[in-house]
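Alright, structures below, take your time with them.
Shared chain: chain A. Partners: chain B in the first complex, chain C in the second.
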Partner chain A sequence: MFLYLIKRIAGVVVVLWAVITITFLLMHAIPGGPFTAEKKLPPAVLANVEERYHLNDPLLTQYGDYLEHAAVLDLGPSFKYPGQTVNDIIAESMPVSAQLGLISFCLALSVGVTAGVLAAWRKNSCLDYSLMLVATLGVSVPSFIIAAILIQLFAFTWPVLPAAMWKGPAYAVLPALALAAHPTAFIMRLTRSSILDTLSQDYIKTARSRGVSTRSLLCHHALRNALLPVVSYLGPLAASLLTGSFIVESIFAIPGLGQHFVTSIYNRDYTVILGITIFYSFLIIFLNLLIDLIYPLLDPRISLKTERKG
Partner chain B sequence: MATLLDVQNLSISFRTYRGILAATHDVTLHVDAGETVGIVGESGCGKSVTAHAVMRLLPAATTIYSSGTITWDGEAIQGYTEKEMNHLRGREMAMVFQDPMTALNPVLSIGSQIREGLTLHQHLSRSDADQEAAALLREVGITSPERRLHQYPHELSGGMRQRCLIAMALACSPRLLFADEPTTALDVTTEAQVLQLLRSLQAERQMAVVLISHNLGVIAQMCRRVYVMYAGCVVEEGPVEAIFDEPAHPYTQGLLASLPDPAHKDKILTGIAGQAPDLFHMPTGCRFYPRCRQAMQICKRQVPPYYTTGTGHRAACWLLCPEREECAWH
Partner chain C sequence: MKKLSLFLLIAFAAVSLLAGCAGQPKTDTVSYALEAEPASLDPGMTTSLAEANVQAELFEGLTRLDQHNQPQPALAESWDISPDGKVYTFHLRPHLTWSDGTPLTAQDFEYSWKRVVDPEVASQNAYMLFPIEGAEAYNQKKATADTVGVKALDDQTLQVRLKDPTVYFLTLTALHCYYPVPRWLVEAKPDTWASDAAGLVGCGPFVITKWVHSSEINVKRNPNYWDQAHVRSERLEFPISESQATRLRLVESGQANLMVEPPPADQDRLEALGLYRVAPYLGTYYYVFNVQKKPFDDVRIRRAFALTMERQGLVEHIVRARKEAAYAWVPPGITDTATGKDFRAEGGPLQHEDAAKARQLLQEAGYTPETLPEVTILFNTNEMHKAVAEAVQAMWQKNLGVHAGLTNQESKVYLASRMEGNFQVARASWVADYADPMTFLDVFADADNDAKYHNEDYNRLIRQAKETSDQAVRMQYMHEAEKILFDDCVIIPIYYTTQPYVAQPYVKGYHWSPLGLIDLKEAYIDKKGDTK
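Coming up: the complex of A and B.
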C-alpha cells in the first residue's frame, strides 16, 4: 500500500512534466503573443516589455526557467494583469469555482444515484420512463440553454432568485443547477444501467432465495457492486466541476477560474494558461488517485498491493 | 408421510423477443416431508425452471404461469404476495445453486451473507448470528469457521464456496432444500464430498431435498424417487430402483443405455439420435417421438397419458397402453 502510493506520486511528477512540456510547446506554436494587439506597440516599448518578461530569450531557456520556477510552485507573473501573479489569480478565483463545483458535485451525486436506483427499481414503469426522459434531456441539452431557461423562469417570470453575480448563498442556486444538470443526468443513466446489470447476476438470485426484501436487494446487494462504474466517473467529474465552467461562469457573471482559463488563451497570457493547466491536471491526477484508493473499500477483490511479476 | 410440496399441471412460459416460449408443460410432482427426490433430464428440459417457479425466482416481468397449482404444506402459494413469498423463501424452502463461483456476492463477506437470513427470519442479534453462522460453517465441514466469516468469496475455492452456499441455505432450517445441479461446476472429488455432505445433512435434519441433476449416477446414489423430464414434460416417475431396473419410457431407456459401463470398456457408447426439440417448435403428440425408435402413428398425433407399469411407476408413453396390439397403431 505504502509502496503503491510512492509509485503513484512519482508518476504524478512525470505526468505533470509531460503536461507542462506539451502545453508550453502548443502555446508557443499559436501565432501571436501576449503583447500583440491591434494597436501596435512601438518597437522600443515591445522590446522593453519582452526583456522584462524574458520573452526574447531562446525558447529552451524560457522552458528551463519555467520548469525551475514551477518546481517550487511559483507559476510566475501574469502578462495581462500587471502586479498579479498566477498564484494570486488561482488563489482568488479558485475558492469561488470550488464552492460552486462542490455544490454541483454533491447535487449530481445524490440526485443522480437516487434517481438511478428508483428508475432501476421501477424498471419500465411510468416513473422509470419519466426519469429517463429527464435524464436524456439533461445529457443532450447544453448547459447554456439550461442556464437561460433557469434565469428566465426563476429570475424573471418568478423573480425568486438572483440572475447573476456572486454575493451569497442564493446566488449559487441557479448556476449550481445549470452546472449539475449534465452530470446528474449522466450519473442517473449510469446508475440505472449498472444496477439493472447487477440485478441479473446469480448472487442476486441467491439473495432472493434467502427471502431478502427488494429494498435490501437494491440497497445492500446490488448498489455496492453497481457503484463501481459511477465511482470511476467521479474523479474526472469532480476535477472539471471544481475548476469551474467557462460557460456557466460567463452566463452568471461569476468570478471563477473557468473564465480566466478561457480568457487567458485569447490573451496569450502564457503563464496563466500554463498555470491553470498544471493546476487542472494536478486536480485530475489527485482525484483519480483518491478514486483508486476508494475502490478497494467498495470491492474487496481489488487490491492496491503492487503486483510482483515473476 | 405428509406431502410438503404438491405441484399440479404446472405450465410455465416465457415472453421472449421471438415469441412465447413454453418451458414446462403440465408438470405434476410432489415431495413428502423428509424425502429426497430427484429430477433428471438434459439441459433445457425444464427441471430448473420448475424449481425456480416454486420459489418464484423467475424474472417476474417475462414469466407466465399459464396453468397449474403449487401447494405448499396444504396452502396454495401462487397468490402469495412477494412479501409472503419472502417469508417462505430461506425459512421454509431454500436453494443451493449450480455455480458457486457466481452465486455469492463478491463484495460482501461470507459472514454477512450467512447472517442475513438469520437476522431476517430468526431476528438474531449480530453476535448470536455470528455464532450461529460459525456453527453452520462447521456443520458443512469448513475448518476455522470464525476466520472464514471475515473472508470474501474470492478468497475461497469452489468446493468451499459451495459449502458456504449450503450453509447459507440451511441457516434457518428449511423443510425443503432445492439442490439445483449443486455439483456440476465442481471437480469429481469435491463433487463426492458435497454429495456426501448433502446426504448426511438431509438425514440429520430430516429435511426434504429435491436434487436436480443431469447425472443419473448422482440421482441413483442420492434419491428415493425420481422424475425424468424431457422437453418440459415429466415423462416417467417412480422409485429409483424401479426406473433404473426397468425403464418404461424409451427416453429413459436411451439415457440409461448411454451410460458408460466400466465392466465393458470396449463397448461403443450409444446415444439418443437427434436432439431435444426447439422449445419454439414443439412436436405435436408425444414430444419424444421424432427421436424415438419405437414411435408409432399415434405418437405423432396424440399426447400419451400416464400409464402405471408393472413395477409400480408411471410413464407417459403409448407403448404402455394395454390396448396397443388390438388397435394396430403401427
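Coming up: the complex of A and C.
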C-alpha cells in the first residue's frame, strides 16, 4: 500500500511536468500575445511592456523561469490583472466554484442514485419510464438551455429567486440545479443499468431462490456491487464540478474558476492558462487516486497489490 | 417521503423569502452592470472602458467632460494658455484632499503623469501623454524624467509644456490616464495598490467600499470631494458580467438599472418595452485593404470593390442598433474648432456607390472577374462580423461578378494576421481616444499601419496639422488629408458606430461621453417617477 502510494506520487510529478511543457508550447504557438489589441501600441511602448513582463526573453529562458517558480508553487503574476498573482486568482475563485460544485455533486449523487434504484426496482413500470424520460432529457439538453429555462421560470415568470450574481444561499439554487442536471441524469442511468446487470447474476439468483425479499436483495446484496461504475465516474465528476463550469458561471455571473479557463486563453494570459491547467490536472490526478483507494473498501476482490503480481 | 417533501417545501419558502428581501429596489443607489472585471483600478495603467467607467467615479482629472462633451473645471479651478498654445498653467482648487483627507497638490499631478510615461512602469497608456514635451523621449529611454514638460510651480499651480499646440489638450486632461494617483500608496505597493478595495484612496465623487473580483464593485459618496452639491446618489453598484444576456437579465430583474450593449437579438423586444437607448459613440467600422497585396495594390481595383458597397441595406437589416451608413473616415459628432460646425458635415461624403463604374474600373485595370486573383475577406469569429462579411461577399458577387472567400479567425489570431499584413482585405474598427479628427487621421500616418499604406503627402499634412496653432489651417489640412485617404481608396467605411444601452426609466442624471464612457457622478433614482 505504502509502496503503491510512492509510485503513484512519483507518477504525478512526471505527468504534471508533461502537462506544463505541452501547455507552454501550445499556448506560445497560437498567434497573438497578452498585449495584442485592436488599438496597436506604439513599438516603443510595447517594448517597455514586454520587457517588464520578460516576454522578450528567449522562450527557453521563459520556460526555465516558469518551471523554477512553479516548483515552489509560485504560479507568477497575471498579465491581464497586473495586481493579482495566479495564486491569488485560484485562491479567490476556487472556493466559489467548489461551494457550488459541492452542492451540485451532493445533489447529483443523492438524487441520481435514489432515482436509479427506484427505476431498477420498478423496472418497466410507469415510474421507471418517467424517470428515464427525465434522465434522457437531462443528459441531452445542454446546461445553458436548462439554465435559461430555470431563470425564465424562477426569476421572471415566478420571481422568487435572483437571476444572477453570487451573494448568498438563494443565489446558489438555480446555478446548482443547472450544473447538477447532467450528472444527475447520468448517474441515474448508470445506477439503473448497473443494478439490473447485477440482479441477473448467479449469486443474486441463489439468494432469491432462498427467499430473500427483493427489497433486501437490492439494499444488501446488489447495491454495493452495482455502485462500482458510479464510483469510478465520481472522480472526474468531482474534479469538473469543483473547478466550475464556464457556461454556468458566465450565465449566472458567478466569480468562480470556470470562467478563467476560457477567458485566460482569449486574453493570452499565459501564466493564468498554465496555472489553472496545472491546478486542474493535479485535482484530477488526486481525485482519481482517491477513488482507486476507495475501490478495495467497496469490493474486496480489488486489491492495490494485484498489479505487482502481474 | 412525506418528511422529504415537507423539508423541501420549507427550504423553498425560506429561499423565496431571502430572495424577496434581496430584490428590494434601493432608491439611493444607482447600479450599472459593468461589462468586464477591471484589470486593476489604477487609472495610469488600465486601457479599457470598463475600468475607466469605475475610475471616473473614484478619481478625477484637472477637467471633467460635461454632457455636451466640453471640458469643465474639475480639480483645476481655472487655467491660462500661452498665446502659442503650447504652455498650459493650471490653477488647482484650494484645499483639495484625497478621499482619506491627505492634501492633494500639483506635485501629485507631476508625479502621476511622469509615472505613466516612465519606461520602467511600462504603462500601455504612455502614448496618450505624448503631446507633452519630452514625454515620448523619456518613454523611449532617450531622456530623463526631468525633461518631461510637466512641473508643479507650487502646491496649487501646475505648468504643462506641450510639444505642439494641442487644441484638444483640455479634453485629454479629463481622461483616466491623466488622473492623479496617491503617491505614497503607489510607492508602497506599486503593483497592488489598486487591485483591492482595502486601502484604495482616490479623489473622485465616490470612494470604493467593496470589490469582489469578477463579481461586484460598490462605492459610496466621498465626503472629501470638492463638488458635493452635484453628487445625488449615496451609493453606486457595479455588478460585473461579461455576458450581454446576463447583464440584460440583471437590469430586467431589477438587480441593476443600466447596462451597455444588449444582445442584438433583443433589440426589437426592448424597443417595444421602451428600454432600448442609443448614445453617440465616435467610431467607424470599416474594411481595410492591404495596399501591398495583389490585387489590391492597384488603386483601381480597390475603388472598384469600394464602389459596389450597399451600406443602407446592410445597416438597416443586418447591423441595426441605429448605426449610420459611413461614407468617410472621421465620424460625425466632432466639432471643427475653427468654425464650430461638425467636421463630417463640412467634409461631406468621400466615397460613393456606383456599380457600373466599378465594373468599368475592373476592366480598365485589365481584369475580368475570371482573371482576377482570388480575394479573401478576413474577420474575427463573431456572429455580427460574419453576417456583415457574408453580405459584402454577396454584394461583390452581384455587382462585380467576383466571388470572395471568407476567413474567420479567433480574435487575437486575427489581430496578429492583420498587423503582420497577412490578409487582402480585413474587417477593422476604430474608436476615438479623444474628440478630435486627429485621433482617426493619425492612424494611417503611422509607419506601421494595418493597410501598409505610405503616402508622403498624407504624412506631411498630418505633421503640419499637428504643428500649427491656427485652427482654420489645422482643419483645412485634416480635410485635405482625409481626401487623400479616399483618393487612394485605402479603406471602405461601412458604418459609424453607436453605443446601444438599456436603462430603466427611473434612472436619471447620467450621461454618455462619445468616447464610450458613462458618467454616473450626478446619476440618481427618481422616486417620484415611473418605478416599474
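The criterion applied here is as follows: the second predicted complex is superposed on the first by the 305 of 310 C-alpha atoms of A that agree within 3 Å, B and C clash if a C-alpha of one lies under 4 Å from a C-alpha of the other, contacts with A are read in each partner's own complex, and residues count from 1 in each chain.
Note that in this section a residue touches a chain if its C-beta (ideal position, glycine included) is under 8 Å from a C-beta of that chain, and two chains touch if they have at least 3 such contacts.
Everything numeric here is computed off the predicted structure, so don't read it as measured data.
In the three-chain model built by superposing on chain A, chain B fits alongside chain C with no clash. After overlaying the two complexes on the shared chain, residue contacts for A:I30 are found with chain C alone; chain B is out of touch. Contacts of A:N124 after superposition: chain B is touched, whereas chain C is not reached. Of the two partner chains, neither chain B nor chain C is touched by A:P229.
After overlaying the two complexes on the shared chain, residue contacts for A:P300 are found with chain B alone; chain C is out of touch. In the superposition on chain A, contact of A:S213 is made with chain B only, not with chain C.
Within the superposed three-chain arrangement, the count of touched residues of chain A is higher for C, of the candidates chain B and chain C.
For the pair chain B and chain C, the minimum alpha-carbon spacing after aligning on chain A is 23 Å.
Listed in rising order, the residues of chain A touching chain B in the complex are 123-124, 201-203, 205-214, 220-221, 224-225, 298-301.
Listing the residues of chain A that touch chain C in their complex gives 30-33, 35-45, 48-49, 51-52, 77, 80-84, 89, 92-93, 151, 155-156, 159-170, 173, 250-255, 259, 263, 266, 268. The touching residues of chain B, counted against chain A in their complex, run 55, 57, 61, 82-83, 85-91, 94-95, 97, 99, 102-109, 113, 116-117, 120-121, 152, 154, 165, 168-169, 171.
Listed in rising order, the residues of chain C touching chain A in the complex are 15-16, 18-20, 22-23, 37, 39-40, 42, 45, 47, 119-120, 122-124, 126-127, 136, 139-140, 191-196, 212-216, 239-243, 245-246, 249-250, 252-253, 255, 410-413, 415-417, 419, 428-430, 433, 446, 448, 450.
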